[in-house]
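Read through the structure below, which is laid out as structure tokens, and then see the notes.
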Amino acid sequence: MKTLTQEIWMEIPQRRAIVSVHDEVERLVEESRVQEGMVLVNAMHITASVFINDNETGLHHDYEVWLEELAPFDGSAARYHHNRTGEDNADAHLKRQVMGREVVVAITAGKLHLGPWEHIFYYEFDGRRRKRLLVKIIGQ
Amino acid sequence: MKTLTQEIWMEIPQRRAIVSVHDEVERLVEESRVQEGMVLVNAMHITASVFINDNETGLHHDYEVWLEELAPFDGSAARYHHNRTGEDNADAHLKRQVMGREVVVAITAGKLHLGPWEHIFYYEFDGRRRKRLLVKIIGQ
Amino acid sequence: MKTLTQEIWMEIPQRRAIVSVHDEVERLVEESRVQEGMVLVNAMHITASVFINDNETGLHHDYEVWLEELAPFDGSAARYHHNRTGEDNADAHLKRQVMGREVVVAITAGKLHLGPWEHIFYYEFDGRRRKRLLVKIIGQ
């Protein structure tokens, strides 16, 4: 069995942003020399997501609006009990559950085995600080 | 390590439908001869999901109604910016995030290791064209 | 390849509860002696979730309130068709899709490879009966 492990650091200057990590994951799969296996890509922080969807800015705008409707930001301690700890990011913990923590992608013949429009993104819901995501590859 | 890779083609005649892929995944696990490992089942398109839940048509109806409330269809370009590209399926990209892209299931003693009611489904949110899902098995 | 398979039984006395399974998963990773690999942790029942987020009771309260807004409990057969089968737990099947069925976590140097606040939980949406979750470890 071959494995490769890589943490990727992020520092998003805004509170929220969608950032492609696709090329970096592709590069790591190549570097691993795994021909058949799986790659796990996950946020290492609990106010961020890794997800696969379209590389299209209109759609990314729609996610922003939609998630704000489903789990509105409210930095006060009135709506969200989590914010009674002194945090203001309870909404980020909810939004991340909708978009997911991780993706698992097949590796076939040494490449990411993806459909034509599948693209891997990191979604930051509470930025302005250094955070990590993890790429773990196992296979042969 | 043993692996098996199989793409499964789908062409759903309606816009939306829930289709069992359970027996096919079960058959592929048997064909792989993997005794201990994992199987990844994922949609290869970004307006579809693979999920595990009950094989019960009343519940499937409830998912339809609920997802339409959470992320309503609107084919115009007014509500969803994604539809300004000429598409009308922005809602499908949102619904798919709630239901998920993939499932990972354990293989134990040569069989899918599932609870009594766990059943694997493909959920199409924008059908009427040929699409694929992927089954990737790794183990020994 | 090394593997370890463990079912964990749960009997939650309330209808809903969030229960840490973090230490047990950590212990099983150690027991497996896998140095590099992945661990899958999934609910074996379709009205429960396994998820990773903060070990903070205020946030857990926020999940409860939020999920009840997104997918309200209604034990009657009027709102949810699933309840026409005699069940009263349709809302639990919806809530579980938001929180997810499973997590996949990397194992690096013999340990769970997690960020500083990542904590593994079982989320019961229809308790008061015996249920299982599954831990499956593969690696070397």
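Letters are used for the chains, namely A, B and C, taken in the order the chains are written, and counting of residues starts over at 1 for each.
The rule we apply is simple: contacts are C-beta pairs under 8 Å (C-beta built on N, C-alpha and C of every residue); 3 or more make two chains touch, one makes a residue touch a chain.
Since this is a predicted model, take the numbers as computed values, not measurements.
Enquirer: Moving only from a chain to one it touches, give the least number of moves from subunit B to subunit C.
Expert: Between subunit B and subunit C, the shortest chain-hopping route counts 1.
Enquirer: Quick check on subunit A against subunit B: do more than half of the interface residue numbers occur in both copies, making it same, or fewer, making it different?
Expert: Mostly different residues form this interface, as fewer than half of the numbers used are common to both chains.
Enquirer: Centroid from C-alpha atoms only, then distance subunit A to subunit B, rounded to Å. What do you get?
Expert: 20
Enquirer: Hey, what residues on subunit A touch two or more of the other chains?
Expert: Within subunit A, the residues that touch at least two other chains are 1, 38, 70, 98, 100, 104, 138.
Enquirer: What does subunit C use to touch subunit B in their complex?
Expert: 1, 3, 5, 38, 40, 42-46, 70-71, 80-85, 90, 93-94, 96-98, 100-102, 104, 131-132, 134, 136, 138
Enquirer: What does subunit C use to touch subunit A in their complex?
Expert: The contact residues of subunit C facing subunit A are 1, 36-38, 51-54, 56-59, 61-63, 66, 70, 98-100, 103-106, 108, 113-118, 138-140.
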